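All remarks here apply to the structure that follows.
Should a chain be cited, it is by its letter among A, B, C and D, assigned in written order, with residues numbered from 1 in that chain.
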Amino acid sequence: MLAEAIFFSAVLFTIGVIGVLTRRNAIIIFMCVELMLNAVNLSFVAFARAYGVAGQVFVFFVMTVAAAEAAVGLAIIIAMFRHKQTVNLQNINILKG
Amino acid sequence: MLLQHEVSAAAHPLAGTVVEWLWLLPLLPLLGFVINGLLSLVPATVLGPGDPDMAHGADGAHGEAGHGVAVHAHETADEHGAHGDDHHPVVRHRFAWLASIVGPAVLAIAFGLAVAMFFAMRGAGGGEMHAPFVQRYFSWMPAGTFHLDAAFQLDQLSMLMVLVITGVGTLIHLFSIGYMQDDPGYPRFFAYLNLFVAFMLVLVLGANYPVLFVGWEGVGLCSYLLIGFWFSEKANADAGKKAFIVNRIGDFGLLIAMFLLFANLGTLDFVAVNENVTRLAFGGPLITTICLFMFLGCTGKSAQIPLYIWLPDAMAGPTPVSALIHAATMVTAGVYLIARSSVLFSMAPVAGLTVTVIGALTAIFAATIGLKQWDIKKVLAYSTVSQLGYMFMGVGSGAYVAGVFHLATHAFFKALLFLGSGSVIFAMHAAYHHTGSHEDAQDMRNMGGLAPYMRVTWILMWIATLAIAGVPFFAGFFSKDEILGSLFLRAHDSTLADARWLGIPGSAVLYGAYALGLAAALLTAIYMTRMMIYTFHGPNRTGEKERDHLHEAPWIMTGPLVVLGILSAVGGWLNLPAITSFLGPVGALDRWLEPVVGESALRVTNGVAPEATHSTELALVGGAVAIALLGIIIAAVRLKPARLVPKAQSPEEHGIERVLANKYYVDEAYDRVVVEPTVGLSRGVLWKGIDQGIIDNVLVNGSARLARGFSSLGSWVQSGQIGTYAWVLVIGVLAVLGAFTIR
Amino acid sequence: MREFLDSIGYDSWVLLALLVIPALAAMGIWVHGAMLGDNDARDRASGTPRQIALWAFIIEFVVSLGLWWSYDPSTAAMQATLDLTWIPSWGVRFALGIDGISLMMVLLTTFLMPLAVLGSWTSIRIKRHSYYALLLLLTTGMLGVFVARDLFLFYVMWEMMLVPMYFIIGIWGGERRIYATMKFFIYTMVGSLLMLVAIVYLGIKAGGGTGPNFAYDAVQRMAGSGGMTSLFGAMVPASFLMFFAFALAFAIKVPMFPFHTWLPDAHVEAPTAGSVILAGIMLKMGTYGFLRFALPFFPDAAMHPAIRTTFLVLGTVGVLYGALVAMVQPDFKKLVAYSSVSHLGFVMLGIFALTTQSIQGALMIMINHGISTGALFLLIGMIYERRHTRELAAYGGIARVVPLFAALLTFVSLSSIGLPGTNGFVGEFLVLLGSFQTAPYLATFATMGVIFAAAYLLWAIQRIIFNRLDRAENEHIPDLNARELALMLPLVAVILWLGIYPAPVLRRMEASAQQLVTQVSGVAPAANVASAGNP
Amino acid sequence: MESYPLFYTFHFYLFGIIAVASAILFVTRKSPVSAAMWLVSTMFSLAALYVMLDAPFIGVIQVLVYAGAIMVVFLFVIMLLNLGQPSEIADVRSGGWRLVAGLVGLALLAEIFALTRAHSVPGLAIPRGTAAEAINSMGAVGMVAGPLFTTYLLPFEVTSVLLLAAVVGAVMIGKQRRAADAR
């Protein structure tokens, strides 16, 4: 089932990428990133069965990081919304150099 | 560490005698410098007696030059203005009494020591002692194959110089006690003067060129400090700076000469150089180059063409300084250097001729300028330049003893002349001071008829004038005559005569120099007589009120004058020519210096001592005497002191007189040709052009601008649109993965 | 003295201690500042950091002084060595050691630092905690550069001293401090990055396929045995490229004409201690680098006639150019900055002339310049504190008001001019004497520098302390106080000592200088005319 | 090629397809709320796939942490910011962009496939069923916990610090800046 799992993982990842590319809502883009992380997790798990349990441990770490990221990221979005009254990234360019 | 004797010194005949205390000679004045220097840092000055009678004739030092007066008052920290008032308070330093003990005392002790050494040396064989007494103290600069010791050496030449320096130095120190009495910088003055003597002694005692160079530059430093002693006046500070920088040009030459010596001989010790120099080709380009560079050093220190310009300006210093440094000792260092390096110069006839020519030209050139100066000290300054030219004629033509002889006699009579002029200025200023006048106390047009007021000074200065003019049986007569005579004798049958100088036969050059020397002697007699007549004779031009305040200087000043007067009168006994054998032993100095310069002198004259026939000698002497008397008579007859008017009412000069009064405009020419272009180039081209324009603006900030251009491009790309970033990122990922895929 | 030092195992810990003491003191100051909390409290307690810094530097100096006796001048080998593992996977070791060249630089640094603190005593008024902590860190970096025996460690220290200086100029500097400090930083960075590339290359080559090895000896062995290949299709020998990478970094630091324009700006804007350290110590890093790395590693490149002549000419040009430009500066600090260009030109001339005398002379000038120019900057700082201007035209005639200052200024200037009897002469004389044997014409030109040196400095001091006192605001300047006098006296003493009896210093350098000449020229120093002249 | 029971294969494909379909629906929904719900659906499907891939513990964690915790936070935020309004959700890029994005996606997919085929390393593979045996012997948790608390102990501890930092950071960023607002 390795090949199939990687197939699904790749498709999910690509969908996540397309989502990031086509959407402008910060929260949705954020969720797309979560989807990409999940897609990667899937391949980790699949590889773990084929090559050893370390993959699962890695998934564990990815999830932790994702949780942390969600917490901080959402806090940033809230702060940004409070400041700009929008989460539409087209209207936000505070990263301009 | 100090006084680590080298074993070989122990075998010297002078070992174990008083000469072992050689190191003490420069150390004594140095000690004086330290004590006086510390005193001078004590800021406190006390107000001396303000009573004009008490200060009568005693605060003359204020008016060194016209400008010196104002300066002085301002030196006291809390006194402003009110200078025009009649009785401003006299300012004396709190520790002046201590300085006036320490300053001359160290010199007197040093002189005593030197005399003791002289007798030790005579006792040890004097003229027969062939190796110098060398004392090595410590290794100064060990660097690879280069070994340089801090070492002193004493030989007959050094001994003579030490005696002159400490002897004349002591007298001038004593004179200064009176002259500088009321100067707030009194301890500072003695500190500098002591330091000068210390360096001067290092100069003449050094056992190798670098140690000599220490003294060489050290005396330059003291000269700088003393010329600018009244530094609050820009002209004085300028003069000091000019002296130092011009001297540095000369020092450059001396340095190069040292480098050449080391590169080719591998040593800089006098003894070793003299032993090894014969390895170089006689008269070759190398030895000539070395000597010419060395002579460049001498032209700086001894004020010869083209570097003489600093010496007349140096008269901005206090008069004792002019006497000690700018007449008797420091300026003769160049003569000493050539005598010291006589072996080198005797190997290079072309260089010797160059020295002679430059000396002759300087002698006549300065003498013509001296004809038209009104400042009494300027007359003496140009006279010094001219007399130094004589000395160089002597040492250049291989008559080393004659040059050194003139050095010694000149030290006596020129010191006397300067101190005498100091005494005059002192009196003049005291007079002007009492009446609150601001006239120039140094201008001869303001003097006249001073003889009745200052008898001692008058008589003594006449002695010195006769000496410098070359009137028989005064000191200058013998020494000047010897120089001219040896020029004449060496014009045939000597290495110099056989050499060619810029294509001209050497003998022609020497005859020419002899002629110039005679002409300069005539001019010397004229301008010196002129100075005496304008100063002491004719009607008095100081003014009615001032006349009452003219007084002779105190004994502390006249005392040294008397001693110098005696020396000027009898100094010729040092080295009597054969023709005057009835006066005493002939050629004492010749014999004394024979171990040092004898070999070199013989090399110049092809191994035979030049002997003039009795008739030739008589003719030469007769000619010189005639010229001296002629000069005095011309001056006495032609000059009309009665027609002179004080400086303030004097008309402008015209024509050649004006050119002479303005010293041929040489200073102006140097300014235009050397100084201004250098400064202009530095500012306009180097600094503003290359430094700020090209390097900084174009290259450095240019690359900064370029970088800024690139970064503004980058900044434009950073739009802040995260969507765009995502696109760029994904395309980047595609590209990277694509690269892997295709491979 | 030796026995005592041996009994406490001095050699084994001294270099480490020298690096650690300032760092610890910096930490102490930082902790002190942090404990005080807010800025007001820090400003009130501002006397403490300078006390800590002063005592740390005095201890540092005393500790370093033992090196004077423990150093064995008879050998050129590295002494007081220490070799610890640092980053094993990169082949980086914490290796320290000194030879005659480093020894003098270390002592110069530890000598100048307490004086720099005293010079900042009252002139630094804001953020004193940070200031003194940075000074201390800077010292660790500078000493590290001089004692590192591992190229990687050297580079780390090289950059480590850059950062504190950046802040010292940037925070406590004058009006255009940001421009100056950026210029200083970027200029230096440009050079040192290329050097980093070269160091990495050398380290990898020296490792010989078993991972990099940055040890100095290993690199030198590799370079000496032709371990470098050609780069860019055999067009350029690698050693030439490496030499250029090093030389650029060092030439900028020296600063050698035409890479000198950061120096005047940095000096003018830096606070007094910054100028002192910059001129006194940091400029020596460049020439030290040439002596320690660029020449011994790449003798074929450095001694290539074209390259050697270029450096000799640039050195000579630097001497004259620096002096001429200094002559027309209206700002005293700028004047001294350009005079540094001139002095360092002598050093470059001496290094590339490559005779024992010229190298020893160059080292002497490095020391002398540190002492004399450091003293000049301290004096400028003192008068600046009183009058808040460095324009020469704003002064005149103040010798009457401040005689002590005037005496010291004159004395220090004379030493900078190279008056015999002061330290300046010994260095210049040896450099010129040595250079004259291999490059007589250039040495002759460089000798003219002594004329211009007299011109610019004497003119400057005339405009400051001589002439008529014609400005009312100059009439009541207070003279030097006890602290200022106390900090100048050691400098005066050293100036005289090095001028009159420099032999102990020269002897300690001699073996190292001779070894360098031997290494680079490939032959033992010629038993030249000198020995032939003394039978 | 290994073979699996049809039942197993069927369910594997089923959950895979559900996951992909939910993901497609997730990216195409305009409303953030419904998008989030579809994402939850994807995650549940993935949890099922994990279980089938011999990782029951990860599957459980997936449900608990992702679907249960993280997504709930997302929903909270969406609601908190009141993003359900149509005006706020008209955020999709225009057709051209979408077309290009699709092409980029396809290209990415193609590259991933090409790379995974070219670079699979069969030599490293452990015998089939090793994971299942480990579950039997150590239990689902023990299998992960073993390496996690031995080999990977340090990263694990560091992760806890990371979480702590995230919590502090989130609180600090999300906190009302009273001082700033007052200004």
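Keep this in mind: contacts are C-beta pairs under 8 Å (C-beta built on N, C-alpha and C of every residue); 3 or more make two chains touch, one makes a residue touch a chain.
Since the structure is predicted, the reported quantities are computational estimates derived from the model, not experimental observations.
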Check: interface with higher C-beta contact count, A-B vs A-D, is A-D
Chain-centre distance (mean CA atoms) for subunit A and subunit B, in whole Å, is 91
Between subunit C and subunit D, the Cα-mean centres are separated in Å by 60
Expressed in whole Å, how far the mean CA point of subunit A lies from that of subunit D is 7
Between subunit B and subunit C, the Cα-mean centres are separated in Å by 38
Expected list for subunit B, residues touching two or more other chains, is 723, 730
Note: subunit A residues in touch with at least two other chains are 17, 21, 24
Chain pairs that touch, by label, are A-B, A-D, B-C, B-D
Contacts from subunit B onto subunit C in the complex sit at residues 1, 40-41, 43, 71, 74-75, 77, 138-147, 150, 210, 213-214, 216-218, 221, 224-225, 228, 231-234, 237-238, 241, 244-245, 248-249, 251-252, 255-256, 258-260, 262-267, 272, 276, 678-679, 681-683, 686-687, 690-691, 695-696, 699-700, 704
Per the touch rule above, subunit B residues touching subunit A in the complex are 714-715, 717-723, 725-727, 730
The subunit A residues in contact with subunit B across the complex are 17, 20-21, 24, 29, 89-90, 92-97
Subunit B partner, complex, touching residues on subunit C are 183, 186-187, 258, 260-262, 321, 324-325, 327-329, 355-357, 360-361, 397, 399-401, 403-404, 407, 410, 414, 419-421, 425-426, 429-430, 432-434, 436-437, 440, 443-444, 447-448, 450-451, 454-455, 458-459, 462, 465-469, 479, 500-503, 506-507, 510, 513-514, 517, 525, 527-534
Counting only contacts in the complex, subunit D reaches subunit A at residues 2, 4, 8-9, 12-13, 16, 19-20, 23-24, 26-27, 32, 35-36, 39, 42-43, 46, 49-50, 52-55, 57-58, 61-62, 65-66, 69-70, 73-74, 77-78, 80-81, 83, 88-89, 91-93, 97-98, 101-102, 104-106, 108-109, 112-113, 116, 124-126, 131, 134, 143-144, 146-148, 151-152, 155-156, 159, 162-163, 165-167, 169-171, 173-174
